[in-house]
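Should a chain be cited, it is by its letter among A, B, C and D, assigned in written order, with residues numbered from 1 in that chain.
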Amino acid sequence: MNILYDYIYYAGAFGLIFIGIFTMMVKRNYIKVIIGLSILETGVNLFLISVGYISNGTAPIFSNPGIEAKNMVDPVPQALVLTAIVIGLAVLSLALSMAIRLYKHFGTLDLQQIKEQRW
Amino acid sequence: MRKCIGIILLIIIAWGILTSLQTMPFGVSRAKVANHYINNGKDETGAANIVTSVVINYRAFDTLGEVTVLFLSAIGLGAVLATIKTREKRDTEKASLILSTGCRFLFPPIILFGAYIFIHGHLTPGGGFQGGAIIASAFLLMYLGCHGEKRLNDRCSTFSESLGGLAFVIIGLIGLAVGTHYFLNNFMPLGKFNTLLSAGVIPIIYIAIGFKVGAELSKIIDLLMEES
Amino acid sequence: MNEMSILDPVLLIAIPLGLAFLIPLLGLVSKKIVRWIPVVGFLFNGIVALLILPHVLKQPIIVKIGGFVPPFGINLYAGSVGMLLASLIAITGFLVSIYAVKYITKGAEQKYHILFLLLLTGATGVVLTGDIFNLFVFFEILCISSYALVAYLGTRSGLEASIKYLIQGSIGSSFLLIGIGLLYGQFGTLNMADLARQIVDYTEPSVFVSMVFMITGLGIEAAIFPLNAWLPDAHSSAPSSVSAVLSGIAIEVGLYAVIRVLFTIFAVSNFFIFFMVLGVLTVLIGEMSAFAQKNIKRMLAYSSIGQIGLIVFAFSISTQLGVAGGLFQMVSHTLGKALLFLCAGYMIFRTGSMEISSLEGIGKKMPITALCFTIGTFSIVGLPPFTGFASKFMIIRAALANGELLLQILIGLVLVGTIIEGAYFFKIIQTIYFKGAHKTDNREEAPVTALIPMLILVSFIIVIGMFPNIIDKVLQPAASELLDQVKYIGSVLG
Amino acid sequence: MVNKNPSFVGKVGNFLYLFSFLFLLWFVLTNTLNPEELFTGISISIVLSLILSNNYKKLGLPPLGIKRIEYFIMFTLVLLKEIVKANFDVAYRVLHPKLPIKPGIVIIKTELKQDIAKIILANSITLTPGTFTLDIKGNELLIHWINVRSEKKEESTKKIGERFEKYLKVVFA
């Protein structure tokens, strides 16, 4: 039970990461690759957040005078995730714009069929 | 074939991560840096929300980069989609009365809520990015509900995104010029803790970010809706 | 100190960022000003960087952003390496942006200039920062602007290349972020110096795993051998001015990040045989693929892979001379490859084709451009009065210095790679000058805005090649800075 | 000024309407009487109302009045009552072993004129379990009903719409 408690969050996060990487490597459809990328980013963000958690922690906000600093979770990963989410969003939107262009140019989203450039 | 390679690769990665995770069990204690932020952040930055003080003060340079990344993505999107000339006419059906009227009714309150979120970034969980996203969602609602009736004002969005970014950089440069001569220094008085006018430059930067993010996300939505 | 407080290295990042935010506003006023904004930005950067450079040779400048003491705030570390690369970036950026004033005529021009400015600002941020997450952020600025710029022309091949680049690059950034997360989880800090102080032994599996993640993530951008599938497509499909900075700056910066992580954070010392072999493999594969190419830009792109392999090899010798040689090779590759891409840009523009065979007779048609191109190839191959010779010679000296047999074999293989390089470059030169002599076209030289940067690059290549001592004064402190981890920690944390 | 521009009063009215709505919302969000917060709220509401009040007029929101507010409160109470009632009804139908449902789509009429009134009616119908507004066409509402008791327009209007409409008619008169 204890092991489960210790690692369940990491397992979830890395599960998402693996699903994302696998999707990106195996799928041929560009949209599916983008979905894989999105899952991968979500997994990484979850991992970062779970790194900073402490048991029975509270949000690091001194909203009432009585709140103590002792139980607060680590604020740094939360700040990092805020940045990482925005960066992920930026990459995602760029990828989607390329999907639009790809479809206009080639009439397909299948990456296997797009062979303009050879080795 | 690719699947096999993928699975083998993933198993290797998983094994590596398992060995690595043993040294960082879940939910134990904070590190030195984080303890410093939590214990001294209140006094050093004047923000009740420690995450905000990390985002806008201790690690403000990251946030400047982050704002730039978002700017970059809006610009890149424009550049990638710029050369499309052919635009087929689509016969879109107008959204039903429920949707269009509801959107119009909700638009001002959503904007107000976004403004509330980014103005109170230093007091409550929230901030410029979240508030900006909410404002962009108001525009998204308008696009979905009243498609074709309302367009984002190009000039207006350009102004708010440029001025938002410039305000951030200029506040940083002012910090370099006055006080202790550090870039992005919190040079303004910290004020009374846990009130609206506290935490020095944090609310100002967050308002700038809120405008910028709202304008940029709306622009991204605008471009994607227009071209798709 | 008074003088230094005005010349804060943070200006190198802040001012271009501010200018980039300003461009859309200026674009409302006048379309013509916008083209000159990157020129102004990089001129400023170049001047500031060159003014700061002498100060940092003895003592690095630690910039505390926001005035917080290093482990708690982000700091910039403006040491010799950082400032050397920052000056290189600023100078190359200045020249290429002059070139781009006339070269970029299609598409969304204003957006091109913003992306170009931000690409190099991201690169400057990467080389100056002393915080590992900040490095990730600037790295993303670099990558995202590259993705957009590769697809800028909107051609089918450019789009495909950009998609490949984006998929691989974003997997790389995710890996980098996982590595950063693992490091933060174990050591609770993101400051490079603080991390370096706490990591006592990188062979411990937990630290090793995070190192592998980070190196893989950064290695994709640096195009080290198994991770470079995106490079030839991306560099050959982008507009030539973009290819020049992608080949000249972006991969170098990726490599710098790899080196910084290896040397400074993990203080690796016995891992280098692996990298040496990787480097040599990269050289051989890059050069052999380049030899088979018929498309000039693809050939130059593959040649960049070969050069990257050479730099990796030089760094993994990990002696003072070797690291200095690697840095020198970076400088000479940046100058040479930027020059080659700039020349190739107008050669392609005039002939309308990227095939090497179509370049016949271009030596008569555009003599100055062809001459610059020739000098560039000579420098890249490593012929005497040019920089390429000096840097390659330094690497060979470093490899032969301790007299190990393995090193001698490997440097032999590297020289084989150089010979292949020479072969295909001479093939091009032969095509340019000696084939198709019957064609008597009138001269169609590139415009002045393109010729000036080319000629300046040529003069750099010749001057540095003739007097390597000029740059040696910077290279030696830079090499010792990379190798001396203790001093790095000491100067940041005090 | 007022005479030259006949719509001026209307404009001010719209402005005040949106302003008071937004400011009330701000007050609910911040939940404090701190002068700084109030001042910020007032200024944001003023700016937003200046920009957006013209569009808001098109929605057809009624002017405020004591009687209207009174009826609106009564409407809310009735809505709550109906929701509770309908919840029990649907729960009964779901739990009953024979599943006594008779799903179907009916059309009801409404006499309300303003768009916003129609929306409120439609949303109230949707909020009550068992009925669901699909669309509005002119003065007819398309409704999915879990247990169609009457297929005639007038009767179903009486059963579904009437209970809300009589209050809304007064509010939006």
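Assume a residue touches a chain if its C-beta (ideal position, glycine included) is under 8 Å from a C-beta of that chain, and two chains touch if they have at least 3 such contacts.
Quick caveat, the model's predicted, so the values are computed rather than measured.
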item: Required minimum of steps from chain A to chain C, each step between chains that touch; value: 1
item: Chain B and chain C: spacing of chain centres that average the CA atoms, whole Å; value: 30
item: Chain A and chain D, separation of their C-alpha mean positions in angstrom; value: 40
item: Centroid spacing, where centroids are CA-atom means, of chain A and chain B in whole angstrom; value: 16
item: In chain C, residues with contacts to at least two other chains; value: 133, 137, 140, 144, 147-148, 151, 154, 162, 184-185, 190
item: Residues of chain A engaged with two or more neighbouring chains; value: 21, 51, 76, 80, 83, 87, 90-91, 94, 98, 101
item: Inter-chain touch pairs (all); value: A-B, A-C, B-C, B-D
item: For the chain C and chain B complex, residues of the former touching the latter; value: 5, 8, 10, 14, 17-18, 20-25, 27-28, 63-68, 71-74, 106-108, 111-112, 114-115, 118, 121, 125, 131, 133-134, 137-138, 140-141, 144-145, 147-149, 151-154, 162, 182, 184-191, 194, 205-206, 209-210, 212
item: Contact set on chain B toward chain C in their complex; value: 16-17, 19-24, 30-34, 36-37, 44, 57-62, 64-66, 68-69, 71-73, 75-80, 82-84, 155, 158-159, 161-163, 165-166, 169-170, 172-173, 175-176, 180-186
item: Contact set on chain A toward chain B in their complex; value: 5-10, 14, 18, 21-22, 25-26, 50-55, 57, 59-63, 65, 69, 72-76, 78-80, 82-83, 86-87, 89-91, 93-94, 96-98, 100-101, 104
item: List of chain B residues in touch with chain D within their complex; value: 96-98, 101-102, 104-105, 107-109, 111-113, 115-116, 119-120, 195-197
item: Residue ranges of chain C touching chain A (in the complex, touch as defined); value: 133, 137, 140, 144, 147-148, 151, 154, 156-157, 159-163, 166-167, 170-171, 173-174, 177-178, 180-181, 184-185, 190, 232-233, 236-237, 289
